[in-house]
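Below you'll find the structures, each written out as structure tokens.
Below, chain A partners chain B and then partners chain C, in two separate complexes.
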Partner chain A sequence: MEKYLEKSVPVRKKDLSFWQKLYIPAILQGMKITMTEFFKPSVTIEYPEVRTVMPDSFRGRPILVAENGTERCVACGLCARVCPALAIEVQAGETELGKERYPERFEINMVRCIFCGFCEEVCPEEAIIMSQEYELVFTSQKEALFGKDKLVKPIEEVRTRLDFLRKSR
Partner chain B sequence: MANVKVTINGKLIETDSTRTIIQAARENGISIPHFCWHEKLSTAGNCRICLVDVEKMPKLAIACMTNVAEGMVVNTKNERVVNAREAVMEFILINHPLDCPICDEAGECKLQDYAYKFSQGYSRFGDDKVHKNKRVEIGPRVMFDAERCISCSRCIRFCDEIAGVHQLQFVNRGDHTTIETFPGETLDNPYSMNVVDICPVGALTNKDFRFKSRVWEMSFTESICNGCARGCNIEIGVRNNGILRLTPRTNDDVNSNWMCDHGRLDTWKHVNAEDRITGPMVRKGGILVDVGWDEAMAKVAGELKLFNKNEIAFIGSAFASNEDNYVLARFAKEVLGSKHIDRMSHRIDGGDDALLIRADKTPNDTGAALVGIVPGEGGRDIEGIVQGIRDGHIKALYAIDDDIAQHPELEKVITKLEFFAVHASNANKSTRIADVVLASSTYAERSGTITNFQKRVQRLRPAVVTLERERALDGLTMSRLDKFAAPNDSWGKGPRRDSRASWRIVAAIGNIMGGKFKYMTAEDVFTDITHTVDAFKGLTYLKIGSKGALLQ
Partner chain C sequence: MSVEFIVEALVKIGLVLVINLTTVAYLVLAERKISAFIQNRLGPNRVGPWGLFQSFADIGKLFFKEDIVPSAANKFVHTLAPLISITVAMSTFAVVPFGNTFAFNGHDYKLMIGDVNIGILFILAMTSLGVYGITLSGWASNNKYSLLGGLRASAQMISYELSMGLSVIGVVMIAGSLQLDKIVIKQGEYLWGVIPAWNIVLQPIGFITFLIASFAETNRLPFDLPEAEPELVGGYHTEYSGMKFGLFFLAEYANMITASAVIVTLYLGGWQFPFVERFALPALAVTLLQMGAFAVKVALLLFFFMVVRWTIPRFRYDQLMSLGWKVMIPLALGNIIVTGFFLLFH
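After this line comes the complex of A and B, so read on.
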């Protein structure tokens, strides 16, 4: 302890001036800012009556892209493998389509998902992408298991995100 | 054969002159990449990925076809070799489709692995790839994707040299080369699915396993095929507590690198089947009712007490392990004093071949006989038991792990029994008649040993969990999913049955009836066997290990 005290150098700040000691000018300055902001137009969004349009870079819940009525996904399982939260389960099956393989079952456990977007990044088919949706409500853990019924979205609805991904690649 | 000294990557190796560079290197822990070379097949030398630099040779040499010679100095990783390898990879990948996402081989593919290790990571080839047929049923059990084939000829050589049938051949030339079966032939030999294992890429795939799972989602457990007395060494691939495939495990003393298609496909479906006996059952008012273990075992003990020792017969099983049969034999002879004990034969005369398949279709007939499933002195054998039931001398029957009602003579008289208890894993003819059905674990759910026709003891290890086990606590192999599954996840689950190993059930009933079976694990039973059965003397599970041990 002694050692540290030896090294310390006392610093004495300059005393406040008379005007500063009065405080009133500082209070007036603050009031001025408050008043100018008070009469400016409001920036608050009245959620849920009003909703923001998210930028394309926004990462909402992951969804599966469907083209011509079928999902693009080939059930390669890479998203399931990369997912740090182990939220995804894919069961592949065989299809007559040219892609040979399709997800018989595709499930994302939305309680596990951390919206990291790794699945989107790893997908070789641009089949799983992050959407604009962020409002997720469940009343049980079972409900949080999103199957293909909740995941598959037609490509028309998600074009902007796909364009964004292409641009930012 | 002369001893020679060669230097590979600066390491001095003593070997003999019959070895090729790739063999000598491999035997000394240096791996040289290869696609077409296979330790059990003849050398083709067509993939060119095993190029190595041999001092004083003007060009790079292929390690699979160059024999070692005295004083040879080999380098497998200098710049020349690395560049050549990169070039070979680039050539192979020119026409290889980007199929990894839909290819079953992904994750255990040589081409994929080598692309990571030895390839530059990009292609200078901008034109269209050659297109070929993608979904060819080249055999009843094997699918062929011509685009993925790298023309290594391993599959052709396997059929010619190991299976002994000439079914496959190259057709066409250059980048249009592909594999075809001879006209009128299909790839249907009894060993056809081994080509799936040796195909270095995903050109030949297992039809049964097709798209079922990615390999990195499964756990693999070393075990033994239960399809016949050969006891081929296998690996059981499991996901969500269900078996998805079997693959052979190399054991040169038993099955080399191979297994038969029957063993690969037909010996495990019952483990996942819908008709599993999911818990102990007792017949009440004509129908089998689920009961607890205590009730079922008390019922068996109570019933058996009603008969005199000459009225009770026991049927062991060549499908059950040494441990199961040993405990049953002790129970019959020591606790009940019965001499009537035997097992059913499942020999099919002429049902064998020169490679692996044996006429005896059970995995453990040798072992069952050794540990005591033979009639005691003056006791009845299986025919005698049938006769005894027919004329009313045998009134109670206790059978384990075999559908004894399949026996044509036994079937006719079995209903004459006053009491019939059976251990079964699946519903069958016997369970339809039995008064008590005790749910026994299948070979994939228990620890134990079986003895093949060579008198080699080999180990079964549990790959699928039952209610009496926990994957983590009982040391079963775990996949990533098994490790991290939480109660609310839908994966990592799969049905678990309330079944028990047969020796455990018999020992428990034996203890109710005054026996002294103090076994906690299958290993305890085995230790007891080594003390009482001479052939097993001195063996332990550790000594058996993963390659088995020969009995004296």
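After this line comes the complex of A and C, so read on.
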């Protein structure tokens, strides 16, 4: 117990020397640091002119992956089920193709979306993934409802994210 | 008093006022830029090239803002306080010489507004009047934080005025005059023919105490207790808005310029440009060089003021007081005694 007490109380072993009491050397040292920082390049990214490319681990707005022109989604509805913000709405329709269903309507309410990435995690087809896009601007609630026209993206554009997901899985 | 004298004085006043106000505007920008560079940012760069018109945009914005006076405030004093601050800050510059006496057309033009024979006393008196602006604004706002800021300002400025005055005495003893012009001319001499006899060489301790005291007088960090944001919201100007706040802001920077100019005049050789008289240059060139030297010295000192602001954290109130009374005043007094002995036996 006493051992711990001794540890927690800082004890000044000896008084400050005269040189330390002057404070002026310490101030000059501080100013040296400020001046070296002064000449270092700035870390600012001037946003509207320069746009950062986000790393693959970035969770931007969710998109639907399209392969050969049609989306991979089979409208199982797992993403809508897992979505904690209830942002996703899927309506399934039948197809003539090998797979049985496709999303007739796929809507994500971007006002509700919290970018948690659960939909991406739960998707069995790797059909919905988080993209690197972070610019989301809408002027009305209606505009924030992203339908298939805005969500579907060809697979070539999101290849790096898919690779990243495979690697981390 | 002839018409010529009045015209000459008015021209000089106009020039100094315009130059001072423009410098203040760009000083605000410079402060923001320097702080940005120190923190690895870019600083304002949207208004004009390199953000050069930022200050004018800010002033325009301040003019269009609503002037809010708290209903519990003393309206007359509330309006008077910023006026006192800016007037005092601007008028201190009246006695600072920014160039040597300049002969033109058989007439001697002194490059200072008023050649007062008690120049230093005038400066000390004006800077102590500056306390009124801050204290009255704190009192008139009827706000506890403003009042605390105002009281701190008065306590701080009165204590540092003493060490300021005491450290100046060393300079006065060396020059044998209170006239700023004569102090500067005295600094044109050389020690052993090579080192310019600036008072920073002759009076290093006086220089340090005067420098620290002027930081406290201008309410700059590390002594900006009257407006300490984290403790006092905004200090004495919490209840001010619009151009009244703008006036306080201008006064702070005008005070900085004046303080730098006074330090340059008293300790850094004023407008002296070392060794310029050893080359046969035309009189006009010499005058311009000297004015340029003065401007460069003031600019460097202003830069120093800013770097210090972004380096050192704020003092605690008791540390401020003990530094002022227990360290600065004894040091300044000791400096006077040493200078006296030196002058006596030299």
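The rule is simple: the second predicted complex is superposed on the first by the 143 of 169 C-alpha atoms of A that agree within 3 Å, B and C clash if a C-alpha of one lies under 4 Å from a C-alpha of the other, contacts with A are read in each partner's own complex, and residues count from 1 in each chain.
Convention: a contact is a pair of C-beta atoms (placed from the backbone, for glycine too) under 8 Å apart; a residue touches a chain by one contact, two chains touch by 3 or more.
Everything numeric here is computed off the predicted structure, so don't read it as measured data.
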After superposition on the shared chain, which partner residues are touched by A:Glu37: those of chain B (first), chain C (second), both, or neither?
-> second
Applying the touch criterion given at the start, work out whether A:Glu46 contacts chain B, chain C, both or neither, answering first, second, both or neither.
-> second
Check the residue A:Ile27 against both partner chains and state whether it touches chain B (first), chain C (second), both, or neither.
-> second
Per the overlay, which chain contacts more chain A residues, chain B or chain C?
-> B
For A:Gly77, decide between first (touching chain B), second (touching chain C), both and neither.
-> first
Considering only touches as defined above, state whether A:Ile128 meets chain B (first), chain C (second), both or neither.
-> neither
Quick one: classify A:Leu86 as touching chain B (first), chain C (second), both or neither.
-> first
Which of the two partners, first being chain B and second being chain C, lies in contact with A:Ile108: first, second, both, or neither?
-> neither
Of the two partner chains, chain B (first) and chain C (second), which one does A:Val152 touch, if any: first, second, both, or neither?
-> neither
Residues of chain A at both interfaces, chain B in one complex, chain C in the other = none
Inside the complex, what are the residues of chain B that reach chain A?
-> 100-102, 106, 134-135, 210-214, 216-217, 480-481, 484, 488-491
What part of chain A is in contact with chain B in the complex they form?
-> 74-78, 80-81, 86, 89, 92-94, 99-101, 107, 109, 111-112, 124-125, 141-142, 145
For chain C, which residues are in contact with chain A within the complex?
-> 34, 36-42, 208, 307-308, 310-312
Listed in rising order, chain A residues that touch chain C in their complex are 24, 27, 30-31, 33-35, 37-44, 46
